[in-house]
Amino acid sequence: MWCYEKRLMLPINIKNKNPRLAKMILTQFGGYASELGAALRYLTMRYTMPTDEGKALLTDIGTEELAHIEMINTIVLQLTEGATVEELKAMGVESNYVEHGKNMFPVDSNGVPFSAKLFAVSGDPIVDLTENLAAEEKARIVYERLMDLTNDPDVLAPLSFLREREVIHYQRFGELLNKYNKMKNERLI
Amino acid sequence: MWCYEKRLMLPINIKNKNPRLAKMILTQFGGYASELGAALRYLTMRYTMPTDEGKALLTDIGTEELAHIEMINTIVLQLTEGATVEELKAMGVESNYVEHGKNMFPVDSNGVPFSAKLFAVSGDPIVDLTENLAAEEKARIVYERLMDLTNDPDVLAPLSFLREREVIHYQRFGELLNKYNKMKNERLI
Amino acid sequence: MWCYEKRLMLPINIKNKNPRLAKMILTQFGGYASELGAALRYLTMRYTMPTDEGKALLTDIGTEELAHIEMINTIVLQLTEGATVEELKAMGVESNYVEHGKNMFPVDSNGVPFSAKLFAVSGDPIVDLTENLAAEEKARIVYERLMDLTNDPDVLAPLSFLREREVIHYQRFGELLNKYNKMKNERLI
Amino acid sequence: MWCYEKRLMLPINIKNKNPRLAKMILTQFGGYASELGAALRYLTMRYTMPTDEGKALLTDIGTEELAHIEMINTIVLQLTEGATVEELKAMGVESNYVEHGKNMFPVDSNGVPFSAKLFAVSGDPIVDLTENLAAEEKARIVYERLMDLTNDPDVLAPLSFLREREVIHYQRFGELLNKYNKMKNERLI
Amino acid sequence: MWCYEKRLMLPINIKNKNPRLAKMILTQFGGYASELGAALRYLTMRYTMPTDEGKALLTDIGTEELAHIEMINTIVLQLTEGATVEELKAMGVESNYVEHGKNMFPVDSNGVPFSAKLFAVSGDPIVDLTENLAAEEKARIVYERLMDLTNDPDVLAPLSFLREREVIHYQRFGELLNKYNKMKNERLI
Amino acid sequence: MWCYEKRLMLPINIKNKNPRLAKMILTQFGGYASELGAALRYLTMRYTMPTDEGKALLTDIGTEELAHIEMINTIVLQLTEGATVEELKAMGVESNYVEHGKNMFPVDSNGVPFSAKLFAVSGDPIVDLTENLAAEEKARIVYERLMDLTNDPDVLAPLSFLREREVIHYQRFGELLNKYNKMKNERLI
């Protein structure tokens, strides 16, 4: 079970609104490389990791991804805060207002809702860790693309932080995969 | 952000395998009344609750639903544990083995993957709390149906607990809705 | 069975084209709070309402929602009528022309097609009427948002009428729910 | 708008339960050749039919398909009526009970929910009538397959009736298509 | 099995970028009338064609549709080539960059991913050929709409070629359907 | 463009029908690790591979996956051939007959249709090759699971062949990834 700690993993303080950018960033809530997909992937996969270390790593990273969702949501909220309906219309993003008012939803940058089809759990530890390497790489590149869309330092800071975390997760999953491949060769798993 | 506490919200100890029942119970992971849908619904909605009390209630219940997912997953795992491929075939549920091995996935009882289309976030507190009342009621009835499928006390105990939690959440959301309706009438929100 | 009466529930006469607004209004044909979802929800649910009164209410409102679909479609058609391809491109809504020409489709305001995942039928009258209260509230708020997007009185009139109908349906479903809750307490259903 | 007439298009009186067959027949509520898809297809398409005769034909057949939905639903209900949970489990169809109790949902024979992706509206009368010929043929063959699954005359009678209606609709759409092709050649549409 | 021949079915040489048009043309990769849907439809259907001639025709046209996918992809790439992020933003199409960088994906013109729900395979040759007539007509009209969006001759040439191929496929499927209808009347199939 | 060679990549000759197994094997046509997903993934990704060698490898393997689809389809057909409706009903797999007659469709082992959401194309060569490693691993494990379901040597032979091909593709993609990583470090790509 989880307990909630009332603070963001990294403080976010965006001063300039940009609802169009917010619409793009939403993809990290509900798109193919989203934090939601990552959290669900790892927290589900952990059950068939063959060692306690593996289960713990998946649980830890999955739990961290929940905190990333919260960061993404906060970025989106702050980028939209105070935008008038007229401003949303001028930017061609009034559909979010129609559907979710001042709030948001797990969708990609075109507004397509999140689906569990966007990630996979095979139940095999070697396969699943390889899936995770791909997942972290996909998240990394999408963060890089989002960073290309803006030069607002208040937005770049959390995006850069989140990008960096994906790189670290990639390394951690890689280490575990090496360990499991070795164990598999030795018929220990 | 969240921290993980390494224990289930309620201990689960199922001694008799029943993978067919497991397939049905999976719907509370990925179906229309699933704990996953509930967690996402509340943790997203909270941003437009107009009071700190509302934000906190949504966060608390959303966080609890994450623990419910974990309970559902554990029930499914224990009901499947040790089942041979021949047993799965005899019960007509070998598709889960094909797709996810000994693990699982957020699907409904027919194997249809979870979609964010299964829940709604309107961004209006009155509307969203009404949505939550319906969500809790839907979860309650699905738990009652699942309980109709078995008389194994090891399974009935956690299902009954989860059902009971939905009833309590329904009451809590109802109280907040009343408060917000009153505030709305007084033009405070 | 149904017979068709060749008139709109409310006459609609829009003089100024606005295909961008039309794209937004389409969500009431195919989005999460759509008239199509409402019609299907009620016309399916009615089978397990425990009294003739309940079956009749669900049938009546479900049938009315079919008329609302027709109104939404007419609004969308009139808002698009006579728009040239160049005008559609200038407004960023040429995708509807590509996909459906001068006609339309049940999609949300981002163009995502309607899915039955957007509504639920539990088969329990108490649960289903609670679902309906939420459905009517969601439809109401989306109409209010759509009304925020325009000050064209020709569009506001039918949107306001449709919004008002949702409020009335909410009341009717609430009355039936109270009746059923009372009957349930008296073990009559 | 529509008015409801409280009778089935054809009386249905099924005496022997068969919930497994019911699950298959559900596909005509929510599958690729479903009456729901047909109703939505025709009632949406009608707006861009170039003549009053065309608009009327699409409206009439679309309205009739609504009555067919009601027939399908009634068949499914009667085939399931009185089945115990144990009977449903023995037949491998307890998932419907879990999800919808004694009621039903627009799904295909595997339980996949209806989606508007299952039909198309192009906005061109020639194209759309060709789409309709295909739709009617698909519905016909699915009815023939369903009839292959049973020899219960109480079920065969309405299935046969519905199959026959698709043949007639096919002819009517074909006649209109010929007329429109002729008009198109003469540059009248 | 297939072998790849390293050339396009028709050379494509687009000199002027137009990423907004590219987004629209993507629908012929992943939309309801897409080349991908066509290829899958024909290459799957062929197994239940009752004659070698029928199997061969379906295989040939299905294989050609694979070449059409390649043409569509090339058009989209050339229309996007060299566009800066600023240009994409100015045109309101930066979402493709966010999701797929300089590459693309099978989606419709709103960015909704391809689904097999967009086509049907009934397993009956008469029905399936009727489905194909509708498919070719739908593809034809979408090409005509896309041609309405541009007057760039470099884009019009391949779109016009692809449109023309659909007309020819329509004729070929029609001839086979006539043959099969005749054979069916003579009880040969 | 492609040319069709009228032979299977590996001859398949299954003598004993087993439609239940066929339903499971269908997941390699339309499931998350399907040959269809693989073909689409590689044939789309190739456009942003930075070298001719990379483009060629992706094209080759993508083209081979098309041949694998054909092998899967043939296995499914032969496993179903001659099965009566009564046999299908006895095995609980009559839904395929209802939907597709003697033919098939790209679905997973639960009958859920293929969606492009099941694979990803990021447009970055490093990321995409990592995605491919995961894809090949997922396909490998699903083939191993399918092989666990049967001891029919006529079925095991092609499944084993297909599994082996995934291992080889994994190696080829890994080699290219290493090369690209090296080039990236040297700032050549």
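We call the chains A, B, C, D, E and F, going by the order they appear; numbering starts again at 1 in every chain.
Going forward, a contact is a pair of C-beta atoms (placed from the backbone, for glycine too) under 8 Å apart; a residue touches a chain by one contact, two chains touch by 3 or more.
These numbers come from a predicted model, not from an experiment.
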item: Neighbouring chains shared between chain B and chain E, ordered by label; value: A, C, D, F
item: For chain C and chain D, chains touching each; value: B, E
item: Copies chain E and chain F touch via same or different residues, half shared test; value: same
item: B-D or A-F - the one linked by more C-beta pairs in contact; value: A-F
item: Where chain A and chain B are represented by their mean Cα positions, the distance between them in whole Å; value: 22
item: Chain centre separation in whole Å, for chain C relative to chain B (CA means); value: 28
item: Rounded Å distance, chain A centre to chain E centre (Cα mean); value: 34
item: Per-residue overlap in chain B, given as positions that touch at least 2 other chains; value: 32, 92, 101, 107, 110-113, 115, 117, 122-124, 141-142
item: Arrangement of touching chains [line / ring / star / complete / other]; value: other
item: Each pair of chains that touches, named by its two labels; value: A-B, A-C, A-E, A-F, B-C, B-D, B-F, C-D, C-E, D-E, D-F, E-F
item: Chain A contact footprint on chain F (complex, rising order); value: 32-33, 115, 117-118, 120, 122-124, 126-127, 130-131, 133-135, 137-138, 140-142
item: In the complex, chain E residues that touch chain A; value: 85, 89, 92, 94-95, 97-99, 101, 107, 110-113
item: Chain A to chain E touching residues, read off their complex; value: 20, 23-24, 27, 31-32, 92, 108-112, 141-142, 145-146, 148-149
item: Interfacial residue positions of chain D with respect to chain C in the complex; value: 1-9, 30, 36, 40, 43-45, 47-48, 59-60, 63, 66-67, 69-70, 73, 77, 100-107, 113-117, 121-124
